[in-house]
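Next up: some structures, all given as structure tokens.
Both of the next two complexes hold subunit A, though its partner changes from subunit B to subunit C.
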Partner chain A sequence: MSLDMGRSTPRFKQCFTSAFHRAVMGLLALCALTGCSPSDPEPTSSGTQLLTKLITAEQYSNSLAYIFGPSIDTQVQFTPIVRNEGLLANSLATAGVSVGQVQTIQGIAATVASQVMDIEQRQYLVACRPESIDGPDEACATQFVSKVGRLLFRRALIDDEIAVFVEQASAAAEELAGEELNGEELDGFYAGLEVVLEGLLIHPEVLFIIESAEPDPSNPEQLRLDGYSLASRLSFFLWNASPDDELLAAAESGELLTRDGIERAVDRMLESPRLVDGMRAFFDDMFVFNEIKTLVKDATIYPGFTTVTALDAQEQTLRTIIDHTLNKDKDYRDLFTSRSTFMSPALAIVYGVPAQPGWASYTFAEDSPRAGLLTQVSFLALTSHPGRSSVTLRGMALREQFLCQTVPQPPPGIDFSVLTNPDANYPTQRQRVAAHLETPSCAGCHRITDPIGLSLEQFDGAGGYRLTENEATIDATGALDGFEFDGAIGLGEALRQNPELPRCLVQRVYSYATGGPPEIEARPTLNYFNEEFAAQGYQLRNLLRTIVLSKAFSLIQNSPSEERLLAAASSD
Partner chain B sequence: MSKWDRRRVMKGMVKGVGVTVALPFLDYFLNGNGTALASGAPMPERFGTWGYGLGGTRKLFVPQQTGPNYDLPEELASWAPIRDDVNLFTNGHAIRDASPNGNHFTGWVVSRTGIAPESGSGPSETIDLTVAKQIGGATRFTNLTATATADARDTYSYYNASTPNAPEWSPLAFYQRLFGLDFQNPNADEFQQDPRVIARRSVLSGIMDQERSLMETVGVADRERLDQYFTGLRQLERQFEQRLTKPEPIASCMPPGEAPVDVAMDQSTDSIKLRHQMMAELMAMAVACDQTRVFNMTYSAAFSSTIKPGYEKPHHTCTHEEPVDEALGYQLNASYFTRRAMESWVDFVEVFKKIPEGDGTLLDNVLILGTTDVGNARTHSIDGMSVFLAGRAGGKVKSGNHIDLNGGSVAQVGYTALRLMGVDTPSWGTLSNECSEVISDVLV
Partner chain C sequence: MPQVWNATKTPQVLSFAFFSTMLAFAGAATAQLPEPHQKDGRIGYVLTERHWAIHETEASTECPQGMNTRGSRDLFAQQFPEDSDVERTVVDTRLMIEAYQYHTNTATTDIYDSLPYYEAQGNVSYGLNLDGEVNADDFMNSAGEEGIDNQLYRALGCIAGYRKDGQYWFFENAFMINNGSNRWMIELSGVDDLVNDDDVTVTTYRGLDNLLTDATGVGFSAGGTQRVDARWGQSFVEEVKGKIVDGVLTTEPIAQAKIPWSQPGVSDGYHIFKDLQFQFKLTSQVAQGLMGGYVDIEQYNHRFRTSWSSHHQNYGQSSSGSEYTALKRLADAYPDPETGANTAISGAVEMTLTQVYIVHPDE
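Presenting the complex of A and B:
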């Protein structure tokens, strides 16, 4: 099936629908017999692994906000997870839940449930009215449990499951009716439902996104995600939340597993404002913004940099990215040279520009030393120490975050005393890091990091602009993979020209979407995405569309543990 | 900045528990000689850990004399009030065999697991959680973990390589978790049962009934993760059960009556010291109130980013870059950071020592393992490492000795601690770190 069809406009589709369908059906029939796909530019792929992923705190919270509305306070913090091949998201399929974490989540669940059943909120959030608030009402409890359970579990609950929860709600309603808590009498029905909702909110199927697969009807030897799992993969990727009612309905009816159905669903999701939530979460992960929470500067050295500055710096970069890639559909690579951004009062202090109240769009002047994300405070401050800049951290971050390269850790057992400069009074970083390059065991790696960082030296550890360090003029010449330049503007341009820049984004987006670092076998698929990305002008939304509509996104590798699914299907 | 006003807290304590606050351990709680509870059960044993980054400056850190009454070199000068409560082990190695030397990692991991981690691999179950399986099941929390660094990633406690035991990092949140709404004061006159707890327990047991069917839907590795989650649910169930019964009174339990105000997020030694003190006091009181019997505190991460305000290099960078002072022969600022860490270690031990229990103090009934990640800070060596052991473990430990490990594995101390806590294992650790003999010098 051609992906060109996927890019056709609705009008085009309307005109040619029936002819097209006939042709496609014919092709399908032919391909089912021969296993061919003559017009499909996507290389053959066995797909990705079937995963059991831990939901993130943000996804949990976003999902609850969709189900119960934004007025429910869900202050959620989960155990931090480790970064794996550039993304935290790559660890969600291996991260465990500790005993302490379960206790914390129970506490959150209790808070959320009590807010939902609060006398005001329940008028809206529990759609039905019980016959009496003092006791059980099976019909109303059934309605609530099936509706909320479906959204929380990301699948329709089966009757037996609903029956168990309703029975528990009824038993609790009888037990709790008239009981006193903190001097107030409990309403049996709602108190019973509240306890059941608490249980639903800590349920393993809510906290873990357990994917499941089924044989692909067009190739019964191959597995694919089932409808519900596909809906979850799409939704957590594009919206950073569980599927909404409409997406679940498409999964339930089987529509999502048809070509038209998934295209309709994907186009709706890509046009939704919720795409911003999804992409903010992705870039937050890719840009290592989890570090913002703990980013502090030495107040005696950088008095203008506060916790607000750190949070605003993150917000500035995310706003810049979303505006550039989604609002204006611009070339991803231009983010590293663009002078358009947004400014807040706290940031204006660091940037040394006039402040306006709140957030306002801002464009750096043509002669400004700032252009592109590398010159924003978020990148500069995160890759510095509390009291000074770091050329090595900056060079390493650029390679790892934007070019998907791995800079090795320092070799073990170095005697660092060889690095100790006898004269600590070198005025500039360039002189201080020269020692790295004089020592062979250090030079290998520092040669690929330090020349990058040195070109950003006109920005201090808080991201402020400077021309001198300790009264010595800063030499901001640097180099990146064969390009030599003077200063940050040149670095941004060199990075924009680097062919690895868009390839790295493609790799990160694909990992993030499918839940793990790409395997070596995925190389042809990634090459295909790269070509499409280039052909479509490096526009993010198009890249997302190509990826989620690819076979690679929804096919599942046949591994020993999944063979049972095929075996079960063939014995049916 | 209003922080931890002791007077206010003391006032709050009195207000909080009313008349039952009295002299520590009233006679009716105890047997005749103050070594056991009246029920005949011995004082509960408790185990804790404390961790900091970057070792010290060897020549300022390692005492000349071994045995009791050892000398306190400059970096340990602050230990004077607790020297006799601590066994100090020096000159231990984290032996890596064929494993790589994970910078800032191998050292503490060997001290806490006895196993040198493979490349790219996280720590296996750390000692505190092994001990928690032995002694942590009876209390509200199987263990408590906190960090003074305000960074929820800074922990030395791991369930397994992919499951860190995340620490509490905010004193306020820690207070709320320990002494907030769900706390049952064992000395309260009235016992109020939350009527919803029985219903909660029954919903929970309904979820746990689905364990088997859910396990069948996932692969082996994911089964382990789900199993861990269900272990969490079982502990939750135990908590619910505890909330249905009135706790036995505990005289030394005097919970703070007011919530603390969080310290600024910064990494300065002053903020960290204060945050550490606040969390240590909460933690020790949680132990005294028998809310947990296993506890962990991180003073600083292995890559310690503690700063000395106005000095541009944080602790870790400083150990690499600061020149050795030619006159003194050591790194002045690096040593400053070590001294601050040792002062907080003293604070930690003293918090336990100040809480009376039985005819002694809480410190008599705990054992606290203190570890770091390197021996000599400047070279980041994983030989010549130190390990601390504070407390007397219910009278089983003879404290106040300096013991030279003579280049043996630091895991020997961990193994000794495990055996003292009743974990009956013939050996601990792997390859050259495997230990099967306790260090008898510290046994009574």
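Presenting the complex of A and C:
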């Protein structure tokens, strides 16, 4: 969604104009530091679209936890959104908020505001002290609204905005002073602030990440994100939360728009423990873990698989990824062959191994049939039916999630009885799915999915290891894009060698970072990221750095509405 | 008392022949798995169900006179009839009965003497042949094996609380499941073959971890992990030799063993078994069968009285004083050197244990 200057707030116009002038003045200096250098290896890019995105429940919760501390209970759940080209994040720019959702969020906001203004919490969450708690105090309210509003809105509030909120706080303080709630007399000042805070928490500028643009000083015909928007894009991507005070200060001062400034900010963010939150959210999205919450197995067939197992399976994979890519800075591709992981007691039942209480690192033995993420319970169980494994779902998931390929949906009118009816003549999945290949309308797709899934058939629908199915020995030979192998270990190796594996990660990371699937014009940029990723040993942290410091990350496409922005700015 | 290691294959053991054939297939399959439950010749099991071995028939023919009615309410009605017109004190009535329930000793008169006490009748029961002999008061099990020693069943078999779904039957098992103090395990080591192995070692431990229920919510998942309670559980550690024949583990007697049997929030109790033996059908998932031995009566009485309050005993029409007297009367082993009175009674416990990985402190 793009912004129209004509509908923009006065604050937006003011910021836009001053930024434009600053940008022009610094043009020459910046030009030398950024894209004007002939040695810059990054191809020319028109950037991405200017977006207005719905904040996710986790981002909302993480942001409140940063602002008010972890003791504030922020149990938040938003309505699920639709996955688009592999990521839920790609749909946030087209998601809205229904009236029902607003009511839900208001309930959460009221709870949070009430906790913040609780007599104990407010001692340190409201930094100033009113002259009297029984009525309005404009100075203290101004201080609170300015500080909290800046963190919530991800920008400094302008004076007019602050004045409106303080006026509301004062009016509410006078109205509520002495009133009783649940048998207790309200303190007017804090009751007034609570009302205003509740309003701030459901403000559209809090619930939506509204990006804004300004001309790029190195190319005034080109738009780029303004400082605050760049801070938000960085922070929601890398930390899955709104910008912290330091990042906002860098945006405020203009430092973030300098090469040195953004490098300093990015390096700080990449070294922060909060990077784990950001990358967990990204991989959670990429690995389709939103489906874990509804993952159910037939208790009579897989009695050892409970809801705890499912949640632990998700946690195991995320811990494995974070440890591998961020703690150890290892090659991303090795995630699909590595025997190192983490184990919990509930998961250990499915894996058939001992476990210490809680979470502990675990390495599968060299002769174990398990190595890599494809042999983890999360992937195996999510890509199975409640009562049986699925070679097709597994093959399809591998291609779509890890190779960024699209496998078409089955044509209408398919007879699935061949697959689901028990038939003693077809004891194994290999024999049952052979029917796919005998049907011309099915064969085209199943040739690219089933040979993958068949190599994972030694893992049942819950992810448990097995050698037989219906007393018949399982043949786990399979193939992936010209590589033939026997079993899951071979599949992991083949996937690791597949050049599309790192390319797909690059594409997903870039999509996630910028809020939408990359357009065809972005191909040279993606190629550049791929080359850099390879040159840097396929280390995730380096990939993140390359992407967020790229011009493509912060430049904004000049769509017609943004063209009007440029024209309006030039005429001011 | 002579103790004989019963090496003879009993009819009961033979009846497992078919079962063991199935095990052979199962064992062959699991043996091929890279990380089987049976690892390095070791396999562990944790207790997941436990009841005193009480033989019950549908028609309760073992209790032809009915169940005992010796709850405190019954006793009160007997001792203090409402129409007696006698003015009574709390000390002389309620506290007197409480004192009897909780402080009976051999010198105390059984105030229930005027009420009948029904022992289980007949010669069929579950249990093990603890002494290797076939005596007149022994039982025969359902497989036809004679010489079964289970006088505890004779003493308690006609008390409702001990029978299926009675409060002791139910709650003592529920408290075992939910209370970590009762986590009890066996570990077999030196196992070459889970179906036939003439030399294995069985070690008992107390565990530290919760049991893992399966997705049905009522069963338990094999493959969990239990850490050995090496700090407070040393007194529960025993080691004994055993053998596996046709999938059934039997062991030599352990001279004396403590088995945790606590009541959460009430007591940290245990039972003492002398000449304790096991007989379990084994699979890679479950060990199921009997534990038998001579139960120390004083410890039984102490645990019972520190675990079950008057109202609980009353629900089961049970009386610790009467039970104590019955156990002493039917005691069949370990005579007191001075008085000659037996101090222990043969008994058996039905058990189901579920496979777990046992983690030792050094692992």
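One rule holds for everything that comes next: the second predicted complex is superposed on the first by the 523 of 572 C-alpha atoms of A that agree within 3 Å, B and C clash if a C-alpha of one lies under 4 Å from a C-alpha of the other, contacts with A are read in each partner's own complex, and residues count from 1 in each chain.
By our rule, a contact is a pair of C-beta atoms (placed from the backbone, for glycine too) under 8 Å apart; a residue touches a chain by one contact, two chains touch by 3 or more.
Computed from a prediction, not measured in an experiment: that's the story for all the values here.
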Most subunit A residues touched (candidates subunit B, subunit C): B
First (subunit B), second (subunit C), both or neither touched by A:Ala299: both
Partner chain(s) touched by A:Ala346 [first = subunit B, second = subunit C, both, neither]: second
Partner chain in contact with A:Gly96 - subunit B first, subunit C second, else both or neither: first
Touched partner set for A:Gln356, first subunit B, second subunit C, both or neither: second
Contacts of A:Pro217 with subunit B and subunit C, given as first, second, both or neither: neither
First, second, both or neither for A:Leu186, with subunit B first and subunit C second: first
Which of subunit B and subunit C A:Pro499 touches, first, second, both or neither: neither
Partner chain(s) touched by A:Pro410 [first = subunit B, second = subunit C, both, neither]: first
Those residues of subunit A which subunit B touches in one complex and subunit C touches in the other: 299-300
Complex contact set, residues of subunit C against subunit A: 29, 32-37, 209, 212-216, 219, 221-225, 227, 357, 359, 363
Residue ranges of subunit A in contact with subunit C within the complex: 297, 299-300, 302-306, 345-346, 348-357, 365, 367-369, 465, 467-468
Subunit B-facing residues of subunit A, complex: 50, 52, 54, 77, 79-80, 82, 91, 94-103, 106-107, 164-165, 168, 171-172, 175-176, 179-181, 186, 191-192, 194-196, 198-199, 202-205, 207-208, 210, 212, 293-294, 296, 298-301, 307, 385-388, 409-410, 412-417, 419-424, 432, 559, 561
Of subunit B, residues touching subunit A in the complex: 100-103, 122, 141-143, 145, 150-153, 159-160, 162-166, 177, 194-196, 198-200, 202-204, 206-207, 210, 214, 217-222, 224-226, 228-233, 235-236, 239, 265-268, 305, 307, 309-314, 317, 319-324, 378-380
